[in-house]
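Look for chain A in each of the two complexes below; its partner is chain B in the first and chain C in the second.
Let's look at the complex of A and B:
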């Protein structure tokens, strides 16, 4: 607990408070409908999100994101490890992969709508497609860069190719996979908002856009604030889990031999 | 003075092994040697004489371009379970996601022929033999270099190989740790009856540890000479290294390799006929 409330955190919290007060003062001075005071936004935020609206708008977004991200991880890790393990396949597919990953993920949303329609499936597919690339590319690099001596060690002890994959190549690649998954998570977050703004009847992207269109300005800001909080919690949760699962990796890099 | 070991059967037979890389470089020209059961054999040569390549070829990680490696009369083409190689670079051969115990258990886990309780016992005994019982729950990166190399040795020993191949295993540790590890390998040889085959560029180390030393030339390598080391057993860091025979042998090898260290020590060559340097097996080229 001491760590959480140390001096660094205290001054960081102070910075946030100062910024919020500044917003309040400036907004009240401007008297603009488009920039409501932070206190108004806060009241609206509590009123909106501590109500069934959360279940109606935020839960569908999170659900689509979790499903899309899950498929992105499974497909990305599987294909990435396979490509990284077989050198020949890597050489063959690398240019194609580099090209596909260069497509800004949001650009494929129209393709998704065209092929699948505007339902939940389309959103899950475009989320999966967008967030898959960093996971796949990182998994491939991780598998490709396993130190030769680790593979030699596996051969010395007579491991079969499958055992080598499972007990040496995959564990060796986990730090790279995790960093790909972290990048993938933030892409999934962008994809959900954009896909819900384009074709949806619920979700946070839809909520923010329709709030703006109906001049429900404090609601619009409240929706953005909720996205920021969710994004922060997701990323923090991910980093927390990563440091636990990959304690060996962080211990090793923190104390170089 | 005779070797303390009674003559035993030849278990490893290296017959005219040549290794040429894909780019045409000849790393190993022609190596013929044999290793007897429970013997400590060293291969010394100048730095960059293809020692690691040779060792990898001996345990079939690399295929020789000419010649053959015979284990108990059988030509080996895949790393045989009777041979384990310990690398110089322990940091890259240990698995950082496994504890010391996990690393030592790593090769045992897949052995279906051993009962789980017995595997555990084998691992613990190996960890104890290298003096790391207190650290078995630690991760390799929490240990010093010398301790990490002990883990690598324990992992190899727990697998109960007949022959342990050591690729300059003590090159990246400090001098005191090095002496400890040298004595550890001698002790393990006695305790587990493992045959040791060491490659090193350190002549003193080779003489101190070995029953026989093969001296290699600069690349493309060949065996320059096979030398019996008739020093008293058990070896002792202080006593053995100050024996007259020790100095004669190390100086003779220095002369062969043609590389004198500027350590202020008087270097002299011995005539080929010196009795202390009995040649064993005239088949050596």
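Let's look at the complex of A and C:
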């Protein structure tokens, strides 16, 4: 975000240390089952996640998410570019898309369970459905808002429609698509957790909810912590990749015009 | 998020009806699975649910949790956001917590909330508050930090101090950014309210959807799902209109007026 300030980092570290110590002390004083000491949670975390449990619970979640998100991106970008390029198409489909998009993605999960069952496929489909909308809408907006200059230039240089699409419209839309894909990724992450909480026999969502139901409290906290770490890594990784892929765009916009 | 100024999009609307009609015919002919009832049956179920109170009472529950959670999140986010945006030491101390907690998907907090609050409205409210808090917090911090230093200097020269600066300079300048964050938070809050009901509630639209799914009563289930979409759409339109009406002094809004 900002420049790295040493003093800022020092106080950040201090805050974390103070909070962790406070948690430990309060938890030991309260002796409540609901708030285990942070050290217990840490031990459980290491014990659970540096073991085959990771392969049993976390890998299926990530696998479903990656596949669902991949389809969301492919379908979203394709349809988005098409309806963004052809104005008629946009007008025709706009109400249908607005209607489908307005439905909270998680409300689709019961329908998915009915139609497909509670297997991997259902999760992939609902993830794809939920995370597709921001990608599609952004791709359409990106394609619609290609500067007229660029299209004119393409015409002057005699580019065929296909070349215009490939060399002008798609590159111009990528910054918008990337931001849609970032929103889509966080939705995909939510969808995987929820779909596993509602209908699953494994995965991280299933793991933390059943840990709560069986009063395996440190395991529950550990699972939430793992989700936090995965969420953080996904987001950071995406931003990193975005900046590499779109280096040309950021280089262009950063310069004073 | 582009607003179209054209009158009614008749082509699109007709195409929408055509799609509904096709599904209707296919469902009546039995070419779809039995899990997709004809749209007319869904519409009848929606109408009946609204009239006899089956669905309408659940809307009330959902909205009540939603409004409470969102209101609490707004108050907390603006208070903490203003503090973090104004005072650098506060920002330094708290930013790491924000960085850590923000990526936690709010739904992952549901088991924790159940543990502390049970299955009632309090549990759902706490999850909604948590989810709605972050976007508003971030946009408040940005809004406060983006205040024109000149405005603060002018205020100081005119002898405006303390709480008055907050009221007359900080909040008005940051309000546009806060309003944007609020709209994001409000959308998230509704989705999270319904999601929480779906997973673990004991009332509300989400709960109704999962009950109908388990009872194999499909038309009411689809009716409730569609209703959540309508609800989200209406709420978003209302916020959009309110934002245009009340946050009128920012450059962006001025631009729109012209």
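As a working rule, the second predicted complex is superposed on the first by the 242 of 257 C-alpha atoms of A that agree within 3 Å, B and C clash if a C-alpha of one lies under 4 Å from a C-alpha of the other, contacts with A are read in each partner's own complex, and residues count from 1 in each chain.
One rule holds in what follows: contacts are C-beta pairs under 8 Å (C-beta built on N, C-alpha and C of every residue); 3 or more make two chains touch, one makes a residue touch a chain.
Not measured: the values here are computed from a predicted model.
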Where does A:194 make contact in the superposed view: on chain B (first), on chain C (second), on both, or on neither? second
Under the stated touch criterion, which partner chain does A:109 make contact with: chain B (first), chain C (second), both, or neither? second
Applying the document's definition of touch, where does A:15 land relative to chain B and chain C: first, second, both, or neither? second
Answer with first, second, both or neither: which of chain B and chain C does A:174 touch in the superposed model? first
Which one hits more chain A residues, chain B or chain C? C
First, second, both or neither for A:208, with chain B first and chain C second: second
Per the contact definition in the header, classify A:92: touching chain B only (first), chain C only (second), both, or neither. second
Which partner does A:38 reach: the first (chain B), the second (chain C), both, or neither? neither
Which partner chains sit in contact with A:220 here, chain B, chain C, both or neither? Use first/second/both/neither. second
What is the shared patch of chain A, the residues that chain B and chain C both contact? none
Within the complex, which stretch of chain B touches chain A? 56, 59, 61, 79, 81, 83-85, 87, 89, 91-93, 95-97, 106-107, 110, 139, 141-142, 145, 148, 159
The answer for chain A against chain B in the complex is residues 147, 149-150, 152-153, 155-159, 163, 167-168, 171, 174, 248-249, 251-252, 255, 257
Using the touch definition up top, name the residues of chain C that touch chain A in the complex. 1-2, 9, 11-13, 15-16, 19, 33, 35-36, 88-89, 91-97, 99-101, 103-112, 114-116, 190-191, 194-195, 198-199, 206, 209-210, 213, 218, 221-222, 224-226, 228-230, 232-233
Listed in rising order, the residues of chain A that touch chain C in the complex are 5, 7-9, 11-16, 19, 34, 88, 91-96, 98-100, 102-111, 113-115, 141, 144, 186, 189-190, 193-194, 197-198, 205, 208-209, 211-212, 217, 220-221, 223-224, 227-228, 231-232, 234-235
